[in-house]
Amino acid sequence: MFLHIVFLLSLLSSTSHATVQDFCVADLKGADTPSGYPCKPPANVTSDDFVYTGLAEAANVTNIINAAVTPAFVAQFPGLNGLDLSAARLDLGPGGVIPLHTHPGANELLIVLQGHILAGFISSGNIVYQKVLKKGELMVFPQGLLHFQIAVGKRKALAFPVFSSAFPGLQILDFALFASNFSTPLVTQTTFLDPAIVKKLKGVLGGSG
Amino acid sequence: MFLHIVFLLSLLSSTSHATVQDFCVADLKGADTPSGYPCKPPANVTSDDFVYTGLAEAANVTNIINAAVTPAFVAQFPGLNGLDLSAARLDLGPGGVIPLHTHPGANELLIVLQGHILAGFISSGNIVYQKVLKKGELMVFPQGLLHFQIAVGKRKALAFPVFSSAFPGLQILDFALFASNFSTPLVTQTTFLDPAIVKKLKGVLGGSG
Amino acid sequence: MFLHIVFLLSLLSSTSHATVQDFCVADLKGADTPSGYPCKPPANVTSDDFVYTGLAEAANVTNIINAAVTPAFVAQFPGLNGLDLSAARLDLGPGGVIPLHTHPGANELLIVLQGHILAGFISSGNIVYQKVLKKGELMVFPQGLLHFQIAVGKRKALAFPVFSSAFPGLQILDFALFASNFSTPLVTQTTFLDPAIVKKLKGVLGGSG
Amino acid sequence: MFLHIVFLLSLLSSTSHATVQDFCVADLKGADTPSGYPCKPPANVTSDDFVYTGLAEAANVTNIINAAVTPAFVAQFPGLNGLDLSAARLDLGPGGVIPLHTHPGANELLIVLQGHILAGFISSGNIVYQKVLKKGELMVFPQGLLHFQIAVGKRKALAFPVFSSAFPGLQILDFALFASNFSTPLVTQTTFLDPAIVKKLKGVLGGSG
Amino acid sequence: MFLHIVFLLSLLSSTSHATVQDFCVADLKGADTPSGYPCKPPANVTSDDFVYTGLAEAANVTNIINAAVTPAFVAQFPGLNGLDLSAARLDLGPGGVIPLHTHPGANELLIVLQGHILAGFISSGNIVYQKVLKKGELMVFPQGLLHFQIAVGKRKALAFPVFSSAFPGLQILDFALFASNFSTPLVTQTTFLDPAIVKKLKGVLGGSG
Amino acid sequence: MFLHIVFLLSLLSSTSHATVQDFCVADLKGADTPSGYPCKPPANVTSDDFVYTGLAEAANVTNIINAAVTPAFVAQFPGLNGLDLSAARLDLGPGGVIPLHTHPGANELLIVLQGHILAGFISSGNIVYQKVLKKGELMVFPQGLLHFQIAVGKRKALAFPVFSSAFPGLQILDFALFASNFSTPLVTQTTFLDPAIVKKLKGVLGGSG
């Protein structure tokens, strides 16, 4: 066997230089590109770069609504850079709602871990696909379609959505309309909602324009 | 030169079999796949497969609103299959509005051909990027983000949006909410609109649930 | 507002045909392609196609080893087709081990839900990145690299790995070597293990050759 | 409703950091990568980054030939970076010709806006697919194949080609052969054109070698 | 160790169904799609599907020109389906020429095995990059750009080009112009070659129109 | 013809700026990204950037084992950057073995140039596909699967593997297990090899832990 080993050692030396890019941990200080952030030098990479602990604790949720989204996208978890995956944590109190939203850059797979969650999405053909999900059940939401999650029953709920991109994006409908600088006349013209309603919601959510 | 030609002819015969798939015109009767439709046999492909005339005429628009969208996606224009491109035609009368919508599957590049169009999109960060576009001007809308187009001024307008996919999809916000089977209690819970407003709009647009 | 609605209804009719492919639920009876399975006709798609309940229950685990992998790939969960996502469930008893394996077709993101799991992977540069993960912590494993998970401490453990493909594949090292038809002389020549060891393990695992 | 709003505001704060990359406007001063240019910092992005006005005017065309190509690729229109789309403007006088050329990096969809254009491409199988296109008609040209556009009839013509990449490239056959440093003996050997012809065309077009 | 083995066996049974698609050998009788051919059922796949012997022999070359291209694309070698690789064999006699051509669908990497080959390509910027390659040397040709290979010196030459697609395509300039149905007036208009030259070459190469 | 030429010259000037990125030769001093290295400025690119001579010579092989792998990945051959291709050279003495390994980031196509090589891979389904390859024969190895090459018979062998990525990676099983910092207890637990064997191999190969 010893002779084989000699071979192996020489093989190692000839190839060691060629094999650096198994991964590309994000250097978040570098300018990102359409494919992601520049890579941290491999020599500086440690096990901790591939681990994220920020979803371990339930988010600080008010007694009244009991709902929060905590992301683990590449900006939080640099080890995801270039790997086409990310995750988040949903904490929902009883009746808690993640309002209608889209992920412009990724498909979503939701894993329910606690409670009962009514989840659904609306297709381009204006059909709602929805279901009450229990612990351990999965639901998939195709990229870019409006969807929601609601804790049903009297129990709180917990779920981990995962995404097919390291930067899936998140556009929350109510924020886009009423917490942005989208002018009231334009909201009215492009949604057919009455100006009075738009103004009222913008007043509360802090929208301008 | 003659000798070279002999070479060329033999080269042709040896390679002719290898070079069929420059394109993949859709056989729309076949089952589609995640990458598109199966290919029509190359021997049956003609010039007409690569041409689409269905956007040449202005859409039949009512006197009152003067707005229409006519798609040239792969379902209408099979030559686009597998080519990551498609188009549509927007006809807008004075004040005509393409209401808030997204394309879940593609980026959009809008080419304005007539009139003045106020176009804009809302980012995940809830910032509205908008501009009045004139003839010959372009605007780009990243995938999956809410956007709109409005003919401003007293003139009608015409534009051709193009897309980075042969099946970009189209989700119109008002239809998703008020012309679908999305139940009124769920619309209310996930948008924070009052039930009375939701019911009224569903009544007009034909939504159920 | 009524006039706007008329516009909307005409817009709907002109575009309804163009917007079928938000998703491509697998028709598993069709022949798959490099991009996945053919799509089930949209008219036959229901909410259940986007939901998977097969990971809800702990796998039937023996008292002795207490470890099992249950996949939710496209073959089990047809709604994942074309969406570049899939999942699995790991049930680990105290000391349970998922032995060294790779996913040739996907990156993996592991979500730990119960217990303490020592997880790690080996890079092309022959460096081991490993960490003990607790409830709610995540670790990412780049595509194609050898990795493992072990329940440490005296408690059982539960985790959901998710993948960046609907068919990530799974190559378990011991099965590849000792449960396959890989001949003993070839295993010996290509791994430098002694034939006696190879034969012993093949005997137990059922390998031939 | 007020209580819901409180929830929304907390949701906003927890996710605002995660959602920066809806787009990646090119920083053209940065070094490009295989996926495009580095992104301009989102805080510096304005509506103007998503708009391009450089195709609005007809190119300055001579009375004799009346033909010009004006590109709107990522180098001109940084908002296209990473979005897999670009455009150009073709101005053709009566009889104007865009000579045989290829786009090595993109498929093309041509939108004819004025006049009659005879357009065609040659497949790998040496079949010419061609058609006279009128106002509002579209033709698609698969990536990398030789194609041309000619204004037919006595009228000038205008068209906007769009591309499936932000940097489609443009290789004009006559320039490649006769305006480059491609040596006359090599042109002759690899095209079977007589040296006298090659020299004459190189003399006019400025080729060397 | 025995107990671990029991675990392994149960692991095997639970996952065996999930792991079929490591590969997708082409069923050439099925209709191809933009991503390739449908997959042969895995149970029918044998070692021979992954092997191709058709490039082992030198092509039958005339004494006069001594040049031939033999492809190993997916149509010849079904095991390449979906794997983004293919190859060919170039046999060149002394002075043999592979005339100017492009691969519309792939980058090329040329491996020279015998003789001296002058190879080059022309960029979009009309610069020729060329070099004389010797045995064991490599040259890369970016997708869609015109390139050529010539055996220089008095020796014959042999090379294997490989491609970044299973169907790279092959458009030979002289065939596109003079062996196709591209009409003489159009060739003249789009290349600025004199009609007499075009007719002469079409006469020899068999072009029509 | 002269008038056409005038057109051509003006066309050239208007488009010259738009067509820089046919290629992206790696600037290896820049930080890499998930899509590869930043591009060397086109003005500095020469023919030599597209050529690699480092595989021309047989590797320095010991008399005893006669085997070596020499890579031509992007780190050695910067012209491959962004082109989804790379290569290597295998020199095998009589009986020489490339031990079990995977390429985590690419499919492989092996071209045998000399001698007889027994090559094979193991699928996720634990089936070995293997064959003795002769001069000029090809075999394909799907991404991420364990495979090997052995020179059979009494002759030395030579082969060029090519890959579907510019950085395919290389994980050699014995090095991952026995030349890394993978601790002996963990190797034992995750491979079911006896600690004595593990320690012995680590001793020879230099593994720690």
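Each chain gets a letter, A, B, C, D, E and F, in the order it is written, and its residues are counted from 1.
Note that a contact is a pair of C-beta atoms (placed from the backbone, for glycine too) under 8 Å apart; a residue touches a chain by one contact, two chains touch by 3 or more.
Here the structure is a predicted model, which means the values were calculated and not measured.
K.L.:
Touching both chain C and chain E: give me those chains, sorted by label.
P.N.:
Intersection of chain C and chain E contact lists gives B, F.
K.L.:
Which chain's C-alpha centroid is most distant from that of chain E?
P.N.:
Centre of mass proxy via C-alpha means gives A as farthest from chain E.
K.L.:
If I compare contact pairs by residue number, which of C-E, E-F or C-F overlaps with B-C on over half of them?
P.N.:
That would be C-E, since it shares over half of the contact pairs of B-C.
K.L.:
Tell me which chain's centre, taken as the mean of its C-alpha atoms, is farthest from chain D.
P.N.:
Checked the centroid distances; the maximum from chain D is C.
K.L.:
More contacting C-beta pairs: D-F or C-F?
P.N.:
Higher contact count goes to C-F.
K.L.:
So what's the Cα centroid distance for chain B and chain E, whole Å?
P.N.:
So the centroids are 35 Å from each other.
K.L.:
Find the geometric centre of each of chain B and chain D from their Cα atoms only, then give the gap between the two centres in Å, rounded to an integer.
P.N.:
For chain B versus chain D, the centre distance works out to 20 Å.
K.L.:
Could you state the distance in Å from the CA-based centre of chain A to that of chain B?
P.N.:
Taking the average C-alpha coordinate of chain A and of chain B, the gap between them is 26 Å.
K.L.:
What residues in chain E touch two or more of the other chains?
P.N.:
1, 4-5, 8, 12, 19-20, 22, 33-35, 97, 99, 104-105, 120, 123-124, 126, 130, 142-143, 145, 169-171, 174-175, 179, 192
K.L.:
Classify the chain contact graph as line, ring, star, complete or other.
P.N.:
Drawn as a graph, the chains match no named shape, so other.
K.L.:
Among all the chains shown, which pairs meet the touch rule set out at the top?
P.N.:
The list of touching pairs comes to A-B, A-C, A-D, A-F, B-C, B-D, B-E, C-E, C-F, D-E, D-F, E-F.
K.L.:
Along chain A, where are the residues that touch chain F in the complex?
P.N.:
1-12, 14-15, 17-22, 24, 27, 30, 33-39, 41, 81-82
K.L.:
Any idea which chain A residues touch chain C in the complex?
P.N.:
1, 4-5, 8, 12, 16, 19-20, 22-23, 42, 45-53, 55-57, 72, 77, 79-80, 83-87, 89, 107-109, 111, 113, 120-121, 123-126, 129-131, 133-143, 145, 160, 162-164, 192
K.L.:
Using the touch rule from the top, collect the residues of chain F that touch chain C in their complex.
P.N.:
97, 99-100, 102-105, 118, 120, 122-124, 126-128, 130, 142-146, 148, 150, 169-171, 173-177, 179-183, 186, 189-194, 197, 201, 209
K.L.:
Quick check on the complex: what are the chain E residues that touch chain B?
P.N.:
31-35, 59, 62, 64-65, 67-71, 73, 75-76, 96-99, 104-105, 167, 169-172, 174-175, 179, 204-206
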